[in-house]
Amino acid sequence: MTSLHETALPVPAASAVEALAAFGRFAAARGWVPATAGNFSVRLDAGHALVTRSGIDKGNVGAADVAVVPLAGPIPAGMSAETPLHLARYRADARIGAIVHVHTLAATVLSRADAMQGAVRFAGFEMQKALAGVSTHESAVELPIFANDQDTAALAERVETRLAASSVPGYLLAGHGLYAWGATMSDARRHLEGLEFLLACTLEERRLAP
Amino acid sequence: MTSLHETALPVPAASAVEALAAFGRFAAARGWVPATAGNFSVRLDAGHALVTRSGIDKGNVGAADVAVVPLAGPIPAGMSAETPLHLARYRADARIGAIVHVHTLAATVLSRADAMQGAVRFAGFEMQKALAGVSTHESAVELPIFANDQDTAALAERVETRLAASSVPGYLLAGHGLYAWGATMSDARRHLEGLEFLLACTLEERRLAP
Amino acid sequence: MTSLHETALPVPAASAVEALAAFGRFAAARGWVPATAGNFSVRLDAGHALVTRSGIDKGNVGAADVAVVPLAGPIPAGMSAETPLHLARYRADARIGAIVHVHTLAATVLSRADAMQGAVRFAGFEMQKALAGVSTHESAVELPIFANDQDTAALAERVETRLAASSVPGYLLAGHGLYAWGATMSDARRHLEGLEFLLACTLEERRLAP
Amino acid sequence: MTSLHETALPVPAASAVEALAAFGRFAAARGWVPATAGNFSVRLDAGHALVTRSGIDKGNVGAADVAVVPLAGPIPAGMSAETPLHLARYRADARIGAIVHVHTLAATVLSRADAMQGAVRFAGFEMQKALAGVSTHESAVELPIFANDQDTAALAERVETRLAASSVPGYLLAGHGLYAWGATMSDARRHLEGLEFLLACTLEERRLAP
């Protein structure tokens, strides 16, 4: 049965593998995927995504380091425990074409500091305009924070329930890291860079006025 | 009429494109243009500048990512909303040959912290000598801060009114970023690097004595 | 006698030298081996390790910059004074295949700040899962700290006595730096990166709430 | 007379130029020579040094960017105002073969914070052993700080008077930057990296307990 299922999987284009590899090189150069942390994916079609495997060096991703995963499962062996978080996002929003997850210092520290409030709030930053749909700094952006949970299927459900009412293309897992997505890998990366910059600025401001 | 106007636009030399591309690679390597932020320009002649387009990866600028813009307008489609800030500077000072704008953490945080005072003040730093016309550290430099505004034409007018009385080759937009300029791209970059270093040192000193 | 002993030393495979060189390039790019600091090793067989020499640029390690060292000694001339710390680890645990030691800012500062407590404690970080044997963030990790000592043979004995009761693949020397190890160089590097990330996050949290 | 004097200048070996160029690339990659700041030199013989020119990009030094300078003067046109500080060091200590000066954030901030005390003090750091003549962390190192002065000939005299009683291979100019030297360029770089690491750690410790 597994072999029948696998036969039906689409063959990813080289460009899809390269999109994951290029993002991985970028993230590794910035130190955002330490200790093989992080995972990235791109949507292949209405029912499948290409996702990085677990435990690999994210700065050096090749064709053997990614796997085609049906959005409805089953999840192949060797995938990250966080794969359900990717799949649930793709199922919930057909416009999403790419999802990236990294471990940055600012994301980790602020996700713990503000865990009780359930969100980090940004206001008055021009960089808020890097997020799709934001056209002015005269607004406020709430980046949701979720308690971390090793039961990622249950976590995915809690995440999706709350995201239904959020227009921000990302969220934090407390003590864990940052997720961001977009219609394309370029959009996902722009959202991630924008959110990370906002988090880093906010962390600096907390240091000045703790 | 637009097509007649476009016919009259000068063809930029490859060296002008490369000046923008080289600065972009430098700025991207330092993380100063996250999420496609930032914009750079060089003057082509008395009436035109070559300016980076909006929404492109500033670390990978090619000939298709820049456009010739008449200093008096009109501004072509696809340009950054901040293009008027560049054009107004070129019109106000014929000695300016290049303008760069980046989003750094120190610039963003200090531009918010000192927004009410309207300037960040530096005194006693040898690095002040990186700014054209400064020959000793025994002086004070006031880097102007302007409130951010999505109406960049109105903002450009406020900026130019105040800059008429400033000799510092740069300014901050609150919560937004740093602008710097010079007679050549080398001068603009030196001014930007010098101002950013002064901002980073000042931010450190605030942390020690908040 | 020395010459007989040297004759018996195994010839390291090129891959063993390259493992040390590749780690050195990685560490140097991150600024973790300033001023020729740091030392790394891989186990060659049950009785020998390949160890970097003292005083060399750790970012540019070649075949002449490493030496085969018997785990039971004697230690050849030109080796780091810290070589006994490597040998003692290999002797104590046959599963260890690689050991790395670097000087990072977070490791140095926290190893001094928490020297009296004898450990830095991490809890609630997803990154704890980068350490072999840790499967959830809902746990606590204690990274041992030892007082620095120029008598490294005596220091190695104190270290091994305490490590017999520790499952964490690393330790700190106060005011000195971080050691980490693993079954392979990949594992040692993952443990080092994970511990350094945990230290950097903890240092940030101390800044926010000193 | 000038032309006779210039005829007598030694021709620097390509390796001397490359030593300056290689150090410049290293320093630029770390952001230690922003805005064309910094200057480096190597001794050519008992009476001459090869010194970087003023205003050049220190990350891209070529044969045209350096000049042979007699230790007793005169100093050629186009040299940095700080050239007398290099020459005075070479005249004072025949063992010095290379001198490097960079502008780092930690050096700038601590040189201002501790200017009144006239020194930054390090104790208990293993990294102190990176300095020639230091064999244990159980010692204290005093890095001298001098008030900055645009009259660098007078400054050089004050510096040399005090350095006669110092064994530390470096000093700070307040609000300006860090100087370090050694028998070879490798030694000078090791001393610089070691001192910068000690300064960066000390700055961190001040943030934790301001």
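Miscellaneous remarks
A, B, C and D label the chains in the order they appear, each numbered from 1.
The criterion applied here is as follows: a contact is a pair of C-beta atoms (placed from the backbone, for glycine too) under 8 Å apart; a residue touches a chain by one contact, two chains touch by 3 or more.
None of these values were measured; they are calculated from a predicted model.
Shared contacts of chain B and chain C, meaning chains that touch the two of them, come down to A, D. In this structure chain A contacts its sequence twin chain C using mostly different residue numbers, the overlap staying below half. When chain centres are defined as mean Cα coordinates, C lies farthest from chain B. Its C-alpha atoms superposed on chain B, chain A is turned by 90 degrees; the angle is given in steps of 5.
Note: centroid distance chain B to chain D, computed from Cα atoms, is 32 Å.
Counting partners per residue, chain C has 207, 210 as the residues that reach two or more other chains. Contact topology of the protein chains: cyclic, one closed ring where each chain has exactly two touching partners.
Chain pairs that touch one another, listed by label: A-B, A-C, B-D, C-D.
Remark: chain D residues 31, 34-37, 57, 103, 105, 108-109, 112-113, 148, 150, 173-177, 203, 206-207, 210 touch chain B in the complex.
Those residues of chain D that touch chain C in the shared complex are 30, 124-127, 130, 135-138, 186, 190-191, 193-194, 196-197, 200-201, 204-205, 207-210.
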